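Each of the next two complexes has subunit A plus one more chain, namely subunit B in the first and subunit C in the second.
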Partner chain A sequence: MDLLKFALKKLIGGIPLILGVTLVSFLLMVYFGPDLTYEQLGKNPTAEEIAQVRETLGYNQPFIVRYGQYLMELITLDFGFSMVKDQPVSHMLAQSIPVSLQLTLPGFILGNLLAVILALWATAHRGQWIDKTIMTGAVIGMSVSFLVVIIAFQIMLSSRYGMNLFPVRGWNIYSADGTFSWWQYLQFVTVPTLATVFVALGYNTRFYRAVLVEEINKDHVRTARAFGHSQKHIMYKAVLKNAMVPIITRVMFSIPLVVVSGSLLIESYFGIPGVGQVTYDAIIAGDQPILKAVVGLTAALFVVILLLTDILYRAFDPRVELK
Partner chain B sequence: MNKKINLLCFILLLSACQKNEDNVTFSNQSSVIDGIKTYRHSEDGKPTSLDPIKAATQYSSFVVTNIFDTLYTYKYLKRPYELKPNLAQEMPVISDDGLTYTIKIKSGVTFHDHAAFGLDNNKGREVVAEDFVYSIKRTFDPNNRASGAWLWQGKIQGLDQWKADGADYNRAISGLTALDSQTIQIQLIKPYPQLTYTFAQAFSAVVPKEVVDALGQEFGSKPIGSGPFILDKFDSEVAYFDKNPDFRKEPFDIHYEGYDEAIHGKTGIDSLDGKNPPFIDKLEIHFVKESTSRWNSFTKGDEIQYTTVPKDKQNTVILSKSPLTLHPQITENFNYRYGMEAGFVYGGFNMDDPDFGINGDPEHDAKSKALRCAIQRSHNWEQKNRAFYFGLGTIFPGIITPSVSEFDPNQSYDSVTLDVEAAKQMLTDQGWDATNLPVFEYHVAGSVLNKQFFEQMRGFMNKMGYPLHLIEYHPYPSFGTFNKAIKNREAPFFFMAWTLDYPDAENTLQLLYGPNQSPGSNNFNYQNPEYDALYEKASVMQPSPERTKIYREMNQMVVDDCVLVSGLSRNKIHLWHKNVITYPDRQMLGGGHIRYVDVK
Partner chain C sequence: MNHRQNIQLNPESLWHKSWVKFKQDRMGISGAIIVLLYLGIALGVWFGLWGGDWGTTTDAFQQSPSWQHWFGTNAIGQDVAERAIYSTKVAFEVGLTVTVLSTLIGAILGAWAGFFSGRWIDSIVLWLLGVLDSIPFYLFVAAVAYAMQGSIFAMHVAMVAVFWTTTARIIRAEVIKLKQQEFVEAAQSLGVKTPGIIFKHILPNTSHLLLVQGTITFVAAIKTEVILSFLGLGVKNGISWGLMISEATNDIQAGYFNNFAAASCFLFVLVIGFNLFSDAVQDALDPKKIH
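This part shows the complex of A and B:
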């Protein structure tokens, strides 16, 4: 019951956050986003046609009316039609979000899991060559541009100029009879995942190592050592468990971006029809219905994540109260 | 020991990446799997809506022309471009006064299957003349945000009035009627010789009313037409199509289509003579903007099978530019063609601008003309061509592009020939010097490439004495905002491109016709009564030497008045796998050539 009350309180408390995010983003879209009027007009428009297009795009309505409509759309989850694609926004998102999830989840999970393992290993061997090697690798991963990593991995693993092991582009994860094929999925997801892990690993490892190193110097760890617990026991039970709060924070707050935003660079270079690509196209085209949906849903997801994070804190640290 | 092994692995990995491009061999795997022929095409941009009335971009138009039928299309291989009947039975019957067009359409042509037709097994119904009338009406429906209405605006009797009266689809239009199920009659307000060309454009494609009514706005993403391919799926990366099994049987006559053994002999097209297109079972059109990715996918062998050569690969592909020869590695592995765009890039002056335009005061106008002409003469087109178009562009004077038959190769090239001394002299003669020159604003949609164009032009102008600090870059965040500034006459000088809608110089000459001034297509706001009179005279004339003479006269006026810094038509190299039989062209033909593609 306490948990339910807490959840409700948190969700209601998230409403100002959603209002703030949507208001600022909508303000930016309306006043600084591309004006579609002149994109959608023919080659020899008259002043009357210009006014007509503005009307059909809804540009002639006052800001407050448009913002009110936006909030209604968010409540009803009906974002209407894309301004340029003639598809319902909900349909476009329903098609592209699962693709982005399938694409980014392996990299996200592996990138965090491996980083925790490497950070634990480096922390356990602080100052030794293992630590130095892992940290050097992490710095290299952080320093190389994601774009360069994507191109290099694509050439190295997928193209004829490299090892030619995987497809260069595409997302054909179904077999001829329309059923999901693990083999094809692995073919298409491997190289994007390796590129994601290569870059994410550096940032994550450095962050997690710093958190773990801070923990390893605390009194309870020294006490555990004095009691003669093994290094493995200390690292997992004393250090990692106590460092879970910052680790959870980092992991959880990445989720909305993984779910709704996708990965534009990965999707464009590997020809994957994910939500990152849809969002990018919408930004370039000034397709407000899609942008409104993506921003609104990301904000709403953040509120849910805030709630889940608090609950998880409690699971790992009983001292945290749900209030 | 372990460290040494790791190092060795790393070096091996790197060496794999550093394989010399020249040593790479390509193998075109078969495109026929289990008897199903699949062709994977690539485009370097993405379509938006697939509704014909919104097919304003080359990418949308490319897809639309494969799903829908237009009354006319262009002969596949014939150049200069020549129209041929498509859905129409034959070329239109035109009355002596040039005002009435009667067009018979083919019988037995059916739309793709769809439940909205209400027939057994969702079969598609027959295409009738009324469908064409409905399709053009849709273009004039203000609720549809159509982009192609300008082609017929003020041309067809009663059409504009129909729109003004509320666009009621039940109301007839006097100039646009279906005489019977197979006959269309169009009555014009005044002769419009380009009318038949407009019926070859994607904008005029024939759509079924039942499906439009059933799908509403979603028709743009679930299009149903009567063309050679049926859209299966469409997302931000690929459009998948199946062959239309009910597509009319029209044997491919290579000689009628303009086959020339010397030009097309190596393509294998002759093997398709007499067969019924489309020849492939499945079509995929991949939208690949990233050039590295497109090239890697193309050279892989079993992915995309056609590409234009990305700019960053031109040095890999081209062995010599004059004459154009390709690297043996490329010709050995791929088929290719070299094609000029039906359009051009240019810089234009806003003649309404207080400094660079005209205002009726003879002294002011003489000074501003000298300014414009000096900028024109200081422009080094050759250098621009080398720096940005790999020396492959075709430079020409004025506004009649080399892709149309009215182009005059004998016209003076002075306006596109660098002459810094002449430019300096023009400025001096009109009393211009570094102290009194106005600020020159270069307006453009912002991009790295456009900034480079600007810097180069600034260098050209500086050579004739224009101080660098007086030459300013004015980028816009999108083409829409840039276009808005032009339509609002806020850009004294702008750099842009124009793609021809039909192979008739009228399409570019109308860009300077006075009544078309902004927000119309005359972005230059050029007002010249003499030019306008010639335009009005020529625009109602059928093609003839007399009309060509008038066109050329108009072109010279524009050059003499230095309204533009023009121009250059870009040339593209098309590459395709050897297991594909095709002769790609994405200019006038749009996606119309895909029905003739075959794979091995």
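This part shows the complex of A and C:
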């Protein structure tokens, strides 16, 4: 019961945030954004036609009504039709979100998991050559542009100038009879995943190592050493578990950005029909309904993540109270 | 005695100790040298010493690297090295503008919010930080570009609007700690007005954090410019490493790597130099690390 109350309270607390994000995006994209009247009209429109289009677009309504309509769209998840594709926006998102998840999840999980392992390893051998090698690798990893990594991996792994092992671009994870095929999936997901992991490892390892080193210098670790606990026990039970709060925070808060922004570059480069690709096309074409939907939904996702993070803290740190 | 001179000469000051420590950091020194070299290249372009011919086309298409063309030429016979050199100036312009503006805004609003923590000013700044942090970055750039009717500064405005939030959070947290110390109380009892306390007494004590965060912002701005230009949301007229990489995606299919190699090498060396420099500054300025 406590948990439910806590969750409700947090959700209500997230309303100003959602209102803020939607207001900023509404102001930028719709209110100050381009006038779309003439893009929807043929040549030589009559004054009546212009007035009619302006009415359907809602331009004759006062600000607060138009903003209210946008909020209603968010609540009902009905964002109308895309201006370019002539499909309902909700339908396009429902098709592309699963693709993005299939694409980004392996890289996201591996990127964080491997980084924690490397950080633990580096922390346990602090100041020695293992630590120095890992940290040098991390600086190099975070100094290469994501864009360069993507292109380089594509040249090395899927072009005739490299090993030519994987398809260059596209996303065809179903076998000929229309069922999901692991083999096909691995073919298309490997190169993007390798690129994501390469970049994520640099930033994540450094962050996690800093967190772990901070923890290893604390008194309880010294006490555990004095009691003669093994290095393994100390690293997992005394250090890693106590460092979980900042680690969870980082992992959770990168979820919305990984789902939308992170996949934008990969999807547009590899031609994968996920949310990133849909968003990128919408940015280039100026497809407002889609952009409004993506911004609004990401903000809502952020609030949910804030809530989940608070609940997860509780699981790892009993001192955190739900209030 | 002059106050500033006093700070520089005092061997016990944070800056003096940090300078001593920084000089011993070989990685940091090499990073600083790399950054200075790039700064030299950028200044040279600025003064018209080199890089001026980046747009000149010749009939020597897709040449391999040679003494005349260090990185070869591109599909319309332009010298790739010349273009990469000119792009250095563009990168520094974007990096410096974004860093200076976002540090200023972050410092002022962060300090203001921290000093009045728990009051309505603080709540508004925190709300603004939350809002800006939860809008997906590329969408935000696109939205700003819309609102500014495709202006060339849309990219700068969007980056500043997003990057200042980190600086503000750091400064806010530090100011909350600082404002409880005796020197603030002393200034208050002497009748110094609130803006004076914030700007003359508290903010100078956060300058080491601003310096560190500034170097981090600079790197982020340069890397972001490349990706935005590649996506067609950044530099519009002119040339940048991002535009060169974007051009390279066509060349690569045909087996020409000049553009890609030049742009990514220039970018990588600058970013790694700046990262090494930034790490060393961070280490040197951290009072918790005893040497």
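Here is the rule we go by: the second predicted complex is superposed on the first by the 287 of 323 C-alpha atoms of A that agree within 3 Å, B and C clash if a C-alpha of one lies under 4 Å from a C-alpha of the other, contacts with A are read in each partner's own complex, and residues count from 1 in each chain.
As a convention for this text, a contact is a pair of C-beta atoms (placed from the backbone, for glycine too) under 8 Å apart; a residue touches a chain by one contact, two chains touch by 3 or more.
Computed from a predicted model, the values in this text were never measured in an experiment.
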item	value
Touching partner for A:Ile155 - first (subunit B), second (subunit C), both, neither	both
Partner chain in contact with A:Gln87 - subunit B first, subunit C second, else both or neither	first
Which superposed partner A:Val24 touches (first subunit B, second subunit C, both, neither)	second
Touching partner for A:Pro256 - first (subunit B), second (subunit C), both, neither	second
Which superposed partner A:Ala124 touches (first subunit B, second subunit C, both, neither)	neither
Touching partner for A:Ile284 - first (subunit B), second (subunit C), both, neither	both
Touched partner set for A:Phe146, first subunit B, second subunit C, both or neither	second
Which of subunit B and subunit C A:Ser268 touches, first, second, both or neither	both
Partner chain(s) touched by A:Pro45 [first = subunit B, second = subunit C, both, neither]	first
On subunit A, the residue positions that both subunit B and subunit C contact, one per complex	34, 151-152, 155, 159, 161, 268-269, 284, 286
Partner subunit C, residues of subunit A touching it in the complex	16-17, 20-21, 24-25, 27-29, 32-34, 139-140, 142-148, 151-152, 155, 159, 161, 256-257, 260-261, 264-265, 268-269, 279-280, 283-284, 286, 291, 294-295, 298-299, 302-303
Touching residues on subunit A, where the partner in the complex is subunit B	34-47, 49-50, 52-53, 56-57, 81, 84-88, 95-96, 151-152, 154-156, 158-164, 167-171, 268-273, 277-278, 281, 284-286
Complex contacts: residues of subunit B adjacent to subunit A	13, 16-17, 19, 21, 24, 26, 46, 48-51, 54, 56, 142-143, 145-151, 153, 217-221, 235-238, 286, 288-290, 292-293, 296-297, 299-301, 303-304, 477-481, 483-484, 487, 501, 510, 516, 519-521
Subunit A-facing residues of subunit C, complex	127-128, 130-140, 142-144, 146-147, 149, 223, 226-227, 230-233, 242, 245, 248-249, 252, 255, 260, 264, 267-268, 271-272, 275-276, 279
